[in-house]
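Starting off with a structure, shown below.
The chains carry the letters A, B, C, D, E and F, assigned in the order they are written, with residues numbered from 1 in each.
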């Protein structure tokens, strides 16, 4: 183990800003993208459902 | 509808059109980014040299980006007959024109101001110099839109106006370029940017009063 | 009342017309005909004040239109060969922004109703570039429905319209004239507007 | 006739298949990611010269690789779509672009954050960096072009031509920038590593790269499913899907 | 009419249109001149600095000038229906397109090559360097026209295409820029320009075969 | 002989037509009508091969048009809503370069003669932007006079034409059909072509 305490871990030997800046933004991007896709999917599904039920009602 | 209502309706309309063309808002910005990034490719990668030319290059890039988007300021409205309808509207044409210029700045000028610090980093500018760069652009880009509108109106309906407009506006842009790039340079070389910036502000004030009037006159001529 | 006296128009080295004059009273309309290139479009642009006449003058309610300015522009609605539509905006947005630029507030509900009456129900949200030639013309004509101007000047309004739309436009014009409005139209087809006074003005080539 | 049936049937059969594949790829991404992070933060020792700052490598390299790899895959699918007129392959290309652009951005971002402590500047005009930046622009061009065309079929074809032209251009850019640069100065900085740590480091890098790869597959499948629904909204098979029933 | 007859008819037609629009030929040139002259204004007038950035600035200016004129390559023909007629003509579209690209180079590229030495003098370049500059532009500007045609065709009929075209073509222009500016720079620093120039020629050959094909494909898509 | 079978066209989420088919024999013409937006323009663009059909196929002399390529393009002359004129070029130059791009050599004398027969004598050297709407359409229609194609496909050719020009076009069409040509036209006005077989094709909205 290279780290003696959590504080040391988070300090990253003085490079905290750079290391966490990189990992943080990457993590954020990798989390946000699937979330946006989920939203996109549910929006499509909702509009499809609306269309279908409108069609059923008109029949 | 009062004057303000009409103004905001025009601004909203133009922003809506720009957003619909999706790419439009972003591409003016990208042009700025790409031009600013091309120079190091042409010139080489010595940091010292790059830092020296940074204010000039960034300002020229902003100027070109603003200029390129001038074509779409009136040309589309002219081609599809909207401009005719504007000229025939009981609302003063100057008001409608001011709205269009404001919308142009929001779409083509403001984004440049916001992205400029990032491009400045590419050229290794100091935080202070970056701040001056942003302020100079904040004063300068509306000036570019206002002056450019005159050029765009003058070349309207003139075939090949797309390139002619640059010929007309570039000379008018030169004072903005000199004071804008000068401000950043003065800051870098420790001379203080205040003088340049206040001259830029003075030019802007002048243009706000003068340019919409000149633009309106030019448009009326183009429609004859 | 619109009076034109002794109008002349020159394009290049060609004199399109001269000594042209007419008086248009409320409730009446002028049917402007003539061969291709006889100067109909040029005359209409002069009448609305977009281009200057070579000679002669135009008076609206007795005053020269150059001096009236905004007041005359408020009184006139003009539709040229072009439709003044933004291809990116939907039919509804085109209608609303068109009205706003003439200083008139048109909400979305009202706009939809107007689009419905020009036969574009269900196409309110289609960007104008997808509309067919005739559908574009219909959107352009919808401005007649919110216009409050007494004088309509229309350059070939029937072009690209199908039979139903032609009938609708004739009825709309009849209503406008019956309410004391005035109109000037050009067309290469025959136009029949019921219950109105028509003056024919023929430009010779 | 059989060609036509096959062509038109594929999205219909691919849609549920993709749905089944997504969880597996996501799981793999999480596993590789966890392993990579553990190796990167807790097994790999501190670098002799760069201290802890070098740990950026674990994402930087993977993101850079993926950005280049995804462009090739995207161009491949686009080309297939253009030459055989298969809708599914074009949709695949469209689905890959945003993810590729994101990795190009991450490569630039992490590289910049690494460059500041190591080279003292956020950015230098070096061959690798420049070609990565241009790759990012190529992605953006592809996305912007497709977004600007509303007819999907046209957007597919136009995008495909751009992607193919870009694929010819990417190696040209890479070498031109490299030669241009060597005329001025040598390689700016090279990472020096103690040989003892090379192994765990390499392993960690590989794990993270695999994680990004699996992630890209999962996300591209998710996006392609959404695109299928949007584009084929009026086809029978979409109307018959269970999740669409009101 | 044989293939050559058709080709020359297309070239003549486009040159005629350009000449009729009077301003058009000159403005592309003036744009080049003005951009190249703006830099000393933005950057200051140290001769040493200017000489160093000269190849890059001149090449970037040429590139921007060539790019700006791309809009008019197909857009007008598209708007007025001529392009439709070309696509429906029994003459292969690739031939007509090649003619248009050639005409574009004659109008927007060749004049830049001819004026470049004059601008180079502003930056105090040696006669040898000027010669290399001219040769590099002579090889480079047709390349710009060829690559640009692809971008222009792809953005055709796409709303806001005017600015989008720069986003698409600028990345593709970069090798031309690097080898072109690189040739002049290499000559100035005594390294010999031959290598860069032959690479540029190789790229040109590649583009001559590949670009008209891609452009034709893109045009067919745009017309669908 | 042109045969279309089972054509379908979809725009956005709207099915404009489907199952459309016809056979056009030499000497006959099709009068295509339908309301605004019913898909006439879209059908014509599919027939000339500019845009692909959603389903169905089109055969010329028995072979699919996609496979014929240049040969089919040589057989067809198409005129759309646009005139395909360069505003900067004179009427004569427009005619000559238009022909050159179709691989046909037209000298100035011949072009002037053709312009004379569409009623534009004396306007040969006027740049197209000065021509009136109807005069532009006449120049565009002059391409029918040098065309050697058996199949003419014309989208609203009568628009903007005055009475004399309409008569001229009808006579030209009659001559073309009498010589064994074929034509497909759209129009919102009634069209009378003497001594020819007409098929009416009505697109329902």
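The definition used in the following text is that contacts are C-beta pairs under 8 Å (C-beta built on N, C-alpha and C of every residue); 3 or more make two chains touch, one makes a residue touch a chain.
Source: prediction; values computed, not measured.
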item	value
Separation of chain B from chain A in steps, with touching chains one step apart	2
Chains linked by the largest number of contacting C-beta pairs	B-E
Farthest chain (mean CA position) relative to chain B	F
Length of the line joining the C-alpha centres of chain C and chain E, rounded to whole Å	45
Distance between the centres, which are taken as Cα means, of chain D and chain B, whole angstrom	35
Between chain A and chain C, centroid-to-centroid distance (C-alpha), Å	55
Residues of chain F whose C-beta touches two or more other chains	81, 87-88
Touching two or more other chains - residue numbers and ranges from chain B	20-23, 27, 30, 34, 41, 44, 159
Multi-chain contact residues (two or more partners), chain D	137, 140, 144-145, 148, 177, 180, 183, 233
Chain C partner contacts - residues on chain F that touch it in the complex	11-12, 34-38, 40-41, 81, 119, 123, 126, 130-135, 137-138, 156, 159-166, 188-189
Interface residues, chain A side, partner chain D - complex	1-3, 9, 12-15, 17-19, 21-23, 25-26, 29-30, 33-34, 37-38, 40-41, 44-45, 47-53, 56
Residues of chain E defined as touching chain B within the complex	18, 20-24, 27-28, 30-31, 34-35, 38-39, 41-44, 49, 52-53, 55-57, 59-60, 63-64, 68-69, 71-72, 158-160, 162-164, 166-167, 170-171, 174, 177-178, 181, 185
For the chain B and chain D complex, residues of the former touching the latter	21-23, 26-27, 30, 34, 37, 40-41, 44-47, 50, 121-122, 124
Touch list for chain D against partner chain B, complex	121-126, 130, 133, 137, 140, 144-145, 147-148, 177, 180-181, 183-185
